[in-house]
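Look at the two complexes coming up: subunit A is in both, with subunit B in one and subunit C in the other.
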Partner chain A sequence: MSAPDARASAGRRLTVFLLARKSTLAGLALFAVVTLAAAFAPVLSPYDPLEQDLNRVLLPPAWADGGSAAHPLGTDPLGRDLASRMLWGARLSLLISVASVLLGGGLGFIVGIVTGYFGGWLDAVLMRIGDVQLAFPFVLLAIAVLGVSPERTPAQLIGVLGLTTWIVYARVVRSRVLSEREKDYVRAARALGASSARVLLRYVLPNVWQVAPVIGMLYLGFFVIVESLLSFLALGLTPPTPSWGSILADGRQFMMVTPWMPIFPGLAILLTVLSINLVADGMADYFDPKLMKGYAPRHPLPPRMAIASDKVLAVRDLTTVFRLGAGVLTAVNRVSFELGSGQVLGIVGESGSGKSVLALSIIQLLDAPGAVTEGEIVFLGKDLARVSNAEMTGLRGRRIGMIFQNAGSSLNPVLTVGYQLVETLRQHLRLNSEAARTKAREALEMVGIGDPDRVLRAYPFQLSGGMQQRVMIALAMSVQPALLIADEPTTALDVTTQAQLLERLDELRRELGTSVIFITHDIALLADFADVVMVMYAGQVCEIGPRGRVIREPRHPYTQGLLNSVSRVRAPGTNRLSAIPGDPPDPMHPSTGCPFAPRCAYAMAVCREVNPARTGVGPGHEAACHLLTSTPEAVAGGGTS
Partner chain B sequence: MTAHLARRTAQMLLVVYGVVTLTFITVRLVPGDPARLMEPPGTPETIIQLVRQQIGTDKPLHVQYGDFLAGLPRGDLGKSFRGGRPVGELIAAYLPNTLLLGIVAMAVATALASIIGIGAALRRNSVVDRAALFLVAVAQSTPNFWLGVMLVLVFAVQLRWLPAIDMSGPESFVLPVATLAVTLLPLLVRTVRQSFIDALGDDHVRAARARGIPEHRVLLIHVLKVASLPLVTLVGLQAGFVLGGSVVVESIFNWPGIGTLALKAIQDRDFPMIQGTVLVIAIVFTLVNFVVDLVYAALDPRIRY
Partner chain C sequence: MAFLEVRDLRKYFPVRRGLLGRTVGWIRAVDGVSLTLDEGETLGLVGESGCGKSTLVQTILFLERPTSGEIRFLDRRVTERDVRELRRRIQVVFQDPYTSLPPRMRVADIVADPLRIHGHADEATITAKVRALLQEVGLPWDRRHQYPFQFSGGQRQRIGIARALAIDPSLVLADEAVSALDVSVQAQILNLFRDLQERHHLTYIFVSHDLGVVRYMSRRIAVMYVGKIVELAPSEDLSARPLHPYTRALLSAVPSLERRRERIRLRGEPPKPTDPPSGCAFHPRCPIAQAICARDVPELREWLPGRYAACHFALAEGPGADAAAPRTAQGGAP
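Right, the complex of A and B next:
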């Protein structure tokens, strides 16, 4: 993208952002009004803010009894025009605050860049000074010092406010620079001999500067308040300089006579700071958009008669979508399969193929804003998409267990393993605490943990990754659920631990007769574990069938590609990790044709237009591919071998 | 653990020493002679010189500094320039009032913030959440010295429901506590809301739900225990706001606390009193943060010293 293009698209993004954020827009408008009033105070003010007229003291505002248009906001105890003093007060307040932000921010930014990029003794010294400054509310001290001086000029105020706040910018900028400096492309640039100045300007600064304006805006609002506060306490600008704080102090003194007087400066400060804070909030979100995270409230589909099934689980036409601001993303698209008692279904696919969303749809714990919109999930005769929330909570953990990829983060970090096990056991098995403790110990022994008492007392962070995953399995299996969903349970583990864990899991599910859905991106894992293999691509099932058939006679080009990449990695003499060329389709803009067509070596014209339906290719073996309905022998040529 | 305590104590002493020394030097470097300020304008130089001798500002700076440091271990903070009473005695009489006001305000603010913050987090992006965030933005933009004045204007002057100034019965706490609490609320509500939202999105919360743990237990035990950790750290920061805010609130409500002492000392250029109040504020602030660290370590098993 060329520079003008980039600028135009940044401008578009800003426009879209502002139109969607009314509060930021309102803040900007308000701030513009205050800034303009401050800038044009000399022109707008009807009087000199210092001009006294002792014949016209404490006049009420124009709209009150006895007020006149000559003094729109009335006059103060010395007969000075309040409107003029308010305008000049805005001017001084903003001037001092902006200058202080520029001083503190500029200094902090430079210190942050230098210490972060070059490090060394300068970094050590400056950061220690900063630590001491941060260990005490230094603004307080600055105010004490400022208050002691007999004369206080704007320059002094700016110096004090700026010098007490530099450290905050310096710290944030420094930590950003530190992480930028270690990024691959920056290291590469340095290795290629780019000068420090060039690396800083071209690679580091563009990714660092955004933090400064947000902190600066927050401090701007803070300084407006501090400046007025100082004047209010008679520690600010030397009188008779007009300041919102000193107007408020005057107003407070004559509160009984002129109750309106304290209201003007207070409202002026409030609206100014509010406008600044609204803009700051908007800036923070614009520069650092936080992703929506969290659990979607579950809304059961309207009830209907489910088709009876003798299977443990029968999923039919399951569709799960995420309604995002930019459109609807279909993560799981009309998926159907069945799982018999004690069977293992292996689901394989790349990341983003919808396999995890499918698992979360079954246990009904989708992330916001996801929702099941169609289909049935018949589990032991109940349609999970339609049961009540209370019933679903009763099934989770008790009848359906689940283990996740990251065992470490799936255990509560501040509760002991024992607490979490006992809590789960008592929830489902109605045990007293002693019996639950005994059962918890047995559960850990069951998953092959040799010293269960130590593990029960341990916090999750004190255990290795393999141990954590064993604990997760114990948590899920100790209540003997009918179905276990394992979502890449061994991906984060090393190969040896992975093998041990899988073996244990396999033994356990045989002993207990549990049906298992095993999700993985590694089709090789399923070769000796799964009864049925289901291959997913772009939210759809492209092939499903008995393990032996799918692995030995894959009929879908995507399955063939997956198996091919595995066999090539394992073949001696090749060291290149081969994958299927190309990327999965953009889920926000699906084509009407087969989702795999753009990456498929055998794609035909029809593939780009019509999404193929699943067709039977053998006993219990189905695949969704146009090649199978037109010329089956064309596919056989591209097999694994 | 012992090594950590020793290191932290040394660190605290260093900060307190640095703050006090900086105050000592800067108040004396700033132009303006306290002795001259104590006497009416036009007082002859000979009398001013006598006053200087009496309060000790005629001695060289390093001698004054030495005397000041020598007194510290004995708890001797010097005598006030005004009235000659020992600084330590005055602070001991005024400090409890500040602490009482601060603790009540922090308790009120934390309780309110927990309700608002958790409510907003559980109904994220709802009307409740938006209203809470808007109120927080307004509270954050409200200067507390103005709020104090307005509260007095409305509730004491106009409605006559509550006393305007002075520390008397429990009802005299209402307005100052309200003023301080509004200052403390914004950051508290934002932190409670954000840490609750973060914790709600944690993997272990989904895992707990997947184990069939009922929603009330998920929220009250699994989420709360993780989400309350940042709140503990915030108490340390709050101590700074309370001590800083006490200057303002005490001046508006004529509260006999350390903020009143400090403000008067600054206006009078009463050096020993300025040093004494800054020293005590520094000690209280660092001690609170030290205790906060210990509490945090006790709550979070991942932190061990």
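Right, the complex of A and C next:
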């Protein structure tokens, strides 16, 4: 992709975004109308907005009784044309609001950048001034400045509005700079010897400026209201300068005679502010797409007769897709496996292999826009893809437990460990609080916590990562679930802690007879632990079989490559690692044929066209590879390429 | 002549409490580290999270100002004034390929910026150099106008390496440079580091929590625990017969495809750096600790030729002293 392409793709992104967000589009259109009206007010106005005609005061609008086409919106108490005054009012209102936003935003932005990056006494002083200003009542200030001057110009208004709002920009920008400053890319720039100015302008600035226009847009709408309000209170521009606020004030005075008059400025203010806010809303989402992530309720698949199974869990042809704006992403593709009572299934795969989505599909906790579209998940005779939401809620946490990589974010930060444990036990096991408390203490002892009483009283942040994960395991295992799903539970931990925790988890599941699905990117972790190993690649199962067979006699080239890279790096005295070439597949652009073919040293013509099916290669051992079904000649021919 | 020498380096961070930010204690992130590095060698630095290995790297580059101690580069003491020159000779590759690249800069600019910073003004020269660098780390030239998010983790780390090499440094500090990558990609990047070392005669400090990675890359390995180096030895010796009980525990905790070995189970967790234990910081978890360990801080001593350990009982046969017998590779090609 070349530079113009990158720019074109940015343009395309904006188009796609706007087409998907009708409200932003409507806001933009409306705002454009107001802006054009304001810009061309001198041309569009039929009259001079200040021109009085005392013979034609308080004329009604053209469509009402007694109105004339010469004054489409009628006239005001001094016989001035209302349409012209509305247009000029828009011009001044927008001019003052935009200029105030630029003044306040510009000042605040610079202050935020400087204080955030350099800190020190300047930061302390400026932020304290801002605090005082925020506490000071705005109206008082407006009266103090505007009320005393006999002739109020737009510049004075801009000054008051702009200078009182810089602190809001400054604070937000400052906090963004503070968080960016600590990131590795800024450190890297400093390590390269870049000057402070360069780090600030070239590295920090491009990643923080986006907040300013969003705040500016919100303030723009606010200023349109405030400007009218000040005019209404006779603190705005000096009469006879046209302003929506002064038209409103006139309208109030003659409300009994001309009830239509306040409606015009009222509507103008409403529509202008609405359009600005719609645009601001769209801008915020455009700059930070994470905010748009929605939540979609779970929809069970239509019921059908599940195939009976004596296993704890039988998954057949499970398929999970994510429907994204750019297309449909198949994260889990026809995955099948069975898990017996008390067995451990180890699932290994790299990032993007679909192993975590598989786990979330089983426990039915997929985030929007992901959904199970096909297959069965038969857990103790019930198909989890088809049970009702209420039934699923009853199973989750009770019969199926789950622990995640980041235990710290899985625990509620504002409740003590004891509270969370006791509540879980009371809810699931219907214990009274006394019994639940005793059981909670036992649960912590069970996962090897020596001083359970201290941990019960602690908040999650007071515990180390290893301790938090122990608490999570205690939480999940204390209700003796039939199935525990552990998704990379030790990846964030140090190796010595990992070793302790795995050993404990293994003892515990043996004691309680729990079946376990253990998900990891490190196949070596499964060597001690798993009964069955399942290797996933690009959402598919490429190999599954008893641990000993998969680890010692891997049949799929990807499994072989994975084992090679793991074992060699850990064996002392290795000369050179045999790496799998290339990168993991991009799930947005799946290839036809076998997904591993582009990286496979043995790929044949057929591999690029046909996705291989799973074939048996030994007792309970299956792999999906054309090498296993092809004739030896074809293999020999392909292996040399 | 030592290429890089670190003498009794310390970096303490104040712990502040209360409204006035009173200093109530110190985190001794790096607590008296001494190291010597020969030109062209790779020193591995291994330790668990919070042991101070990353702070040590940052302090060597003056990204953190040392509290005390001395850094000598080519036999000259480095001070704050030499920082710019130092950063031309020493470069870092960071851990996280997702946060270590400026997200809104194009690849060509990311790699070119170091050249511009150090005054290579001629754009034609810069373009030629960027082209050579991208080729060297295995990135296609026609993707130079893309942004970091358009690349995979492994490719991003290649960009980070190209950036570090742009100004021809002689020492590269790799701070957990492959930890965030998938295993199949890790091997590619480790091989790339080795190739580049050979081609450019680079010296490396290779920092990782993964003993396997460090062992593959390094001739000598230093093991850190709570701000101090507890063992320093040639790679093979460290693997075959570790002298410090912490090294033994670390070795036995590395996951392996082999059958279960006798694991050394450590008690408890690493101490808080604000409140390190008395004497030897490892003694509360150590399987062979004696009374003296809680009292006296052991010095890093040369117990056997070229082999240093900070343990009162370095030569004692502790449990699991032979836990790390060499293992062989698994899984052959079909």
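By definition in this document, the second predicted complex is superposed on the first by the 535 of 641 C-alpha atoms of A that agree within 3 Å, B and C clash if a C-alpha of one lies under 4 Å from a C-alpha of the other, contacts with A are read in each partner's own complex, and residues count from 1 in each chain.
Simple rule for what comes next: a residue touches a chain if its C-beta (ideal position, glycine included) is under 8 Å from a C-beta of that chain, and two chains touch if they have at least 3 such contacts.
These numbers come from a predicted model, not from an experiment.
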First (subunit B), second (subunit C), both or neither touched by A:Val168: neither
Touched partner set for A:Val321, first subunit B, second subunit C, both or neither: neither
Which of subunit B and subunit C A:Ala99 touches, first, second, both or neither: neither
Contacts of A:Gly147 with subunit B and subunit C, given as first, second, both or neither: first
Which superposed partner A:Ala385 touches (first subunit B, second subunit C, both, neither): neither
Contacts of A:Cys594 with subunit B and subunit C, given as first, second, both or neither: neither
Doubly contacted residues of subunit A, that is, touched by subunit B and again by subunit C: none
List of subunit A residues in touch with subunit C within their complex: 1-3, 5-6, 183-185, 187-195, 198, 202-203, 206-207, 350-351, 464, 466-467, 494-500, 503, 521-525, 527-528, 551-552, 554-555, 557, 559-574, 576-581, 583-584, 586, 602, 627
Subunit B-touching residues of subunit A, taken from the complex the two chains share: 23, 132, 135-137, 139-141, 144-145, 147-150, 221, 225, 228-229, 232-235, 245, 248, 251-252, 255-256, 259, 262-263, 265-266, 269-271, 273-274, 276-278, 281, 293-295, 363, 365, 393-398, 401-402, 404, 406, 409-416, 420, 423-424, 427-428, 459, 461, 472, 475-476
Touching residues (chain side subunit C, partner subunit A) in the complex: 48-49, 58, 61, 63, 83-84, 87-88, 91-92, 94-96, 99-106, 113-114, 117-118, 142-143, 145-147, 150, 152-155, 160, 163, 167, 182-188, 190-191, 194, 209-213, 215-216, 235-236, 239-240, 249-250, 252-260, 263, 265-266, 269-270, 326-334
Of subunit B, residues touching subunit A in the complex: 11, 14-15, 18-19, 22-23, 26-27, 30-32, 124, 134, 137-138, 140-143, 145-147, 149-150, 152-153, 157-158, 197-198, 200-215, 217, 221-222, 225-226, 229, 240, 243-244, 247-248, 251-252, 262-263, 266-267, 269, 274, 278, 281-282, 285-286, 289, 299-302
